[in-house]
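The structure follows.
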Amino acid sequence: MIKVLFFAKLSEQLGTRELLIESNNIKDTEQLFQHLLKYQADWSGVLNSQIWLKAVNQSMTTKNVVLNDGDEVAYFPPVTGG
Amino acid sequence: MIKVLFFAKLSEQLGTRELLIESNNIKDTEQLFQHLLKYQADWSGVLNSQIWLKAVNQSMTTKNVVLNDGDEVAYFPPVTGG
Amino acid sequence: MISVQKQDFNQQVEYNRLKSKTSIGAIVTFTGLVRDINQDQRVSDLTLEHYPGMTEKCLIDIVRQAKARWNIIESTVIHRIGALTLSEQIVFVGIASQHRGDAFAACEFIMDYLKTQAPFWKKETMESGETKWVDAREADQQALSKWNLENKC
Amino acid sequence: MISVQKQDFNQQVEYNRLKSKTSIGAIVTFTGLVRDINQDQRVSDLTLEHYPGMTEKCLIDIVRQAKARWNIIESTVIHRIGALTLSEQIVFVGIASQHRGDAFAACEFIMDYLKTQAPFWKKETMESGETKWVDAREADQQALSKWNLENKC
């Protein structure tokens, strides 16, 4: 299983904070994103509406990362703390 | 009269904190310094031993400044507060 | 010390914690507060969301990078989460060093880094009652660029 | 607020004074302390001499120049004089601004300026009992040069 997390505005727009996805057919974050685009009818609109940041196992990355069972992938807007 | 002040190490070495000097023959800070060099036997050694800073009427300056009766001239080492 | 917390913090307590050794000659503190106007709108409250686990990991990494660059004797980073009102304290960064140059640079570096890399998000409630997720500022990205970072959180 | 004083100051009191308006989003404080080692010698005490009148004039001018360069909502500069022991507070500079960039820059500018221009002198007593006037540091001159000052005190 891949644990997928959404935060802040993205979480609100998708109406979802956390998902568990079967990892059998998902080799990397590129495939995960393609999977999420079709996950629900309106998700592609939200996911393509702006650039979201991505963290794999709690490290931000802009690369395509190979995924293994148990990995955690998070998507979120640019951060605004501090 | 010109009020002359010495601070910190310079004051200790000259053994003087404050002097009042007749301003009649002293037109500017260059003449004042020449006057101080001869003020006491050992003063030229101290005054020439390093570069001292100078403030005229409480503003630092490296220039030769014209002096008037009532002016205040201070000499001191590089500052070390903070 | 690193903390992500709901409760408020106290300037004197944090200052005293930093002032722990006789080798310390300089303490710089930064405190971020809820401001009344942001991006031209009047704010009355805000809520801070975060990514539990990653936030702490990211703050630890930021402090580690600061310690690799500057001489730091003590450091503190506190970031609050949850609901905050006007003028409330959001974030505290404190650095104690021998010399002021290190303390100033490390404190500003940590804030610049945190602002663009640590996973916190602000949602503002305006005086009008409307709520709005705060947009990231280009100025914050620019502030970070001056440090020539290789790795980010 | 500008003060040259013998008595100690309190971090929380000064912080609260700076945190005076809802437009403030950032507070940066600097505190300088008596360090145990200076220029490779173990220090036990120090005495601060100053030029009464000129010191205050100089600090006012430094703050005025900082306000001309950055957005400053509140500012405080306190410098102590007289006898101080190890770890005692020497100087406090606090800046409150809308944004952190102004607060950091103004606070560091004031310290860099004060260090080379304000007429204070430190005399240290070493652990050995020997006393010594502190030498000015080349690093402080260099720190000042980055601000491209036109007029000095």
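We just call them A, B, C and D in the order they show up, numbering each chain from 1.
The criterion applied here is as follows: a residue touches a chain if its C-beta (ideal position, glycine included) is under 8 Å from a C-beta of that chain, and two chains touch if they have at least 3 such contacts.
Predicted model, so just to flag it, every value in this text is computed and none were measured.
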According to the touch definition, list the chains common to the neighbour sets of chain A and chain D. C
Between chain B and chain C, tell me the centre distance in angstrom, where each centre is the average of that chain's C-alpha atoms. 49
When centres are defined as mean Cα positions, the distance from chain B to chain D in whole Å is 26
Could you tell me the distance, in whole angstrom, between the mean C-alpha positions of chain A and chain B? 73
Residues within chain B bordering two or more other chains: none
Numbers and ranges of chain D residues touching at least 2 other chains: 32, 111
Which pairs of chains touch one another in this structure? A-C, B-D, C-D
Would you tell me which residues of chain A are touching chain C in their complex? 5, 7-9, 12, 55, 58-60, 74, 76-82
Using the touch rule from the top, collect the residues of chain C that touch chain D in their complex. 10-12, 15, 19, 22-37, 86-87, 98-101, 103-104, 107-108, 111, 139, 143
Could you list, by residue number, the parts of chain D that touch chain B in their complex? 32, 48-51, 53-54, 57-58, 79, 90-91, 111, 114-123, 133-137, 152-153
